[in-house]
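Same chain, two partners: chain A is paired with chain B first, then with chain C.
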Partner chain A sequence: MKIGSTLLSGGLANLGVLTQDSEVTFGVNGYLKYHLFGHEFELTTTHISLLIIMVTLLIFALVANRAIKKADPDKVPGPFLNMIEYMVETIDNLTKTNMGEKHGYKFANYIGTLFIFVLFSNISGLFGLRPPTADYGVTLGLAMITFFLIHYNGFKYQKSKHVTNLFKPILLSPINIIGEIATPISMSLRLFGNVLSGTVMMGLIYGLLPKIILLFWPGVLHAYFDVFSGAIQTYVFCMLTMVFISQQFEE
Partner chain B sequence: MSNITNEGLILACSAIGAGLAMIAGIGPGIGQGIAAGQGAAAVGRNPGAKGDIMSTMLLGQAVAETTGLYGFAVAIILLFANPLLGKL
Partner chain C sequence: MVNFISSMTGTLAALEEGGMMENRIFGLDSQLLMDTVILALAVFALFALLSYLLFNPARELLAKRQAKIQAEMDFSAKEKEDAMQFKSEYEAKLKNASAEVEEILSEGKKKAQKRENEIIAEADAEATRIRERASREIELEKSKLKDEVKQEMISIASVMASKIIAGNIDETKQAALVDEALNEMGDDTWQN
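And now, the complex of A and B:
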């Protein structure tokens, strides 16, 4: 219990050994303390970068909505409109190929939102923010949404069979139940571990190397840890969500 | 060397433990290498299916990576959110 609470509420901030004479910072820093229902909470770097990302995405969504509403069907669409159409078509095709023609289209909204949000969160390390997905609270929340979607769709399409399938070979039922519970934990730990390892490496490099090397060397690492690794993990998270949900449609 | 505090001993052993926990990185490395090699062989046999092979390979590699990340999580907990220090 103590491990979980310290990891969640910014225990990473007190690095103990490292921070004494170097400037290594990659932990969750708290800025503003407040009390609610007898507990002490903090406004951390995660909340701030989440807010910045949400505002960015909101402005993008409003501008895109306005551009689509004002679009003239007789004219050639501009570059911005083309980009939005490309994004929407890509996500529609992704859900259709992975979840089937029949059910796939319904989930395009959720998968698209998830994809854009996680992608922006992972890439935000490029812009000097601490990625919100490097906080276990965020990734566990995202994985719990997937967990509830899996079981909601399981009960919707398989009715009571969804429960009885767990006990099919009666000897394997503990393994089946543990497997169901392990799904959100492994999904969240995968995203969290990948993004956190990138953040830790970048923090160590920025804190420990001489300033002259920092002029050109971190660019390569940013390209790998933030852009490449972040994009792949986004793809994998959305892909696993789609695969797990579409398993519930069969039978 | 005679005056090592209890806290110092725990921190030192935790650092060694964190290093040992990252040995878990060997397994996913070998597994991902095998997956990438098989993916390259599959593209060589059937270049038309490159997109499908790529996405399957990346998904498999990401799932294989999970065990390595469990080791990483243990190392991070030992270093920065040490549960053993609270037991002193």
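And now, the complex of A and C:
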């Protein structure tokens, strides 16, 4: 495992030279050590960003909840309520069109949570946080949830066929099995790679360019890496999750 | 350099050196598993909270509003139907009313015609009566006039007769005539 990590990091050695010379930071730092199950873990930048994003979302949810509770269905809704309703309806429609009328509504809440969380995580670079999705631990976790949902629904709707289908053309069974395992890995690496590349580039630019250029030039890059790329990757991740899960509904 | 690479790889290096991880980008180690578990818990918590606070109430509100709008639409559709029914009813009534008016008018005309005829007939009758009376009166006048003329002629004749007689008759003869006339009259009166 260490060799693997070393190999993966080897390509970053050149960047490392830069990081030593100047104040380029785009990696995850540890802040607090703790022991659990005989291992030593650290509380990292990712966790702090995660906490900030979750608290923000929670505050938003609380304010929205307040607005909804106060709202009178007989009256015309205000702009904030309209926004919430539009958001919820859009998510509902998205899940319904991608997962079907029959099963879609069950997943609307999860897909909505996923969408909002990943979107906020991706654009949190705008607010000076290190995007949590630029940490493989986060994207792997999200992909593993998708993986779990895929196979839970596979067994739920297709019973034993879910396993036997893997060996359907017996010659292709290794490919089928690899394909199943590759799903979470490819999903997690796609999101991770995209967000990390943006984070690394922004880190390099902030660390290396003269201060005067930093007054305007990073704005354009933030718009691309954080907002545009972040939104696209959020959409792609949610879309893939929905498509992979809805494939299991078919008989 | 090895140290640097180790520091890049994160936890393993940190464990060996005893320091905090610094500038870690990617590592396949226990920290990754821990991060994954933490994230799964975080997403689950977020899912539960957002569902409870945001998605479900918003959906409920939408459903409520939808139900209300549906009810209002149903109500207005029913009202419209009722109104249409009323309208057709009133239209039929209006048509009937115009027919009735026609009937009343024609009846009135008929009555008026009848009345007119009656009046004319009455007037005719009256006129005839007046004419008759007039002619009767004329007749009466005529006969009266004839009587008068007769009387006149009689008186004139008697005057002329007396004048003639006065010239030819003497006293005795006259007395005899008177006597005779008186006798005739007296006999008739008593006998009757």
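To be clear about the criterion, the second predicted complex is superposed on the first by the 236 of 251 C-alpha atoms of A that agree within 3 Å, B and C clash if a C-alpha of one lies under 4 Å from a C-alpha of the other, contacts with A are read in each partner's own complex, and residues count from 1 in each chain.
In this text, a residue touches a chain if its C-beta (ideal position, glycine included) is under 8 Å from a C-beta of that chain, and two chains touch if they have at least 3 such contacts.
Treat the numbers as computed from the prediction; the structure is a model and nothing was measured.
In the superposition on chain A, A:G27 makes contact with both chain B and chain C.
Once the two complexes are laid over each other on the shared chain, residue contacts for A:F244 go to neither chain B nor chain C. If you count the residues of chain A touched by chain B and by chain C, you find the higher number for C. By the document's definition of touching, of the two partners only chain B reaches A:V236; chain C does not.
When the two structures are aligned on the shared chain, A:L196 is found in touch with chain B and with chain C. In the superposition on chain A, contact of A:T44 is made with chain C only, not with chain B.
After overlaying the two complexes on the shared chain, residue contacts for A:S186 are found with chain B alone; chain C is out of touch. Touched by chain B in one complex and by chain C in the other are residues 2, 6, 12, 16, 27, 196, 200 of chain A.
In the complex of the two chains, the chain A residues touching chain C come out as 1-2, 4-6, 8-10, 12-13, 16, 19-20, 25-31, 33, 36, 39-42, 44, 46-47, 50, 54, 57-58, 60-62, 64-65, 68-69, 71, 73-74, 81, 84-85, 88-89, 91-92, 108-110, 112-114, 116-117, 132, 135-138, 140-142, 144-145, 196, 200.
Against chain A, the residues of chain C that register as touching in their complex are 1, 4-6, 8-12, 14-15, 20-40, 42-43, 45-47, 49-51, 53-62, 64-65, 68.
Taken in their complex, chain B has these residues touching chain A: 11, 15, 55, 58-59, 62-63, 65-66, 69-70, 72-73, 76-77, 80-81, 83, 86. Remark: chain A residues 2-3, 6-7, 11-12, 14-17, 27, 186, 189-190, 192-194, 196-197, 200, 232-233, 235-236, 239-240, 243 touch chain B in the complex.
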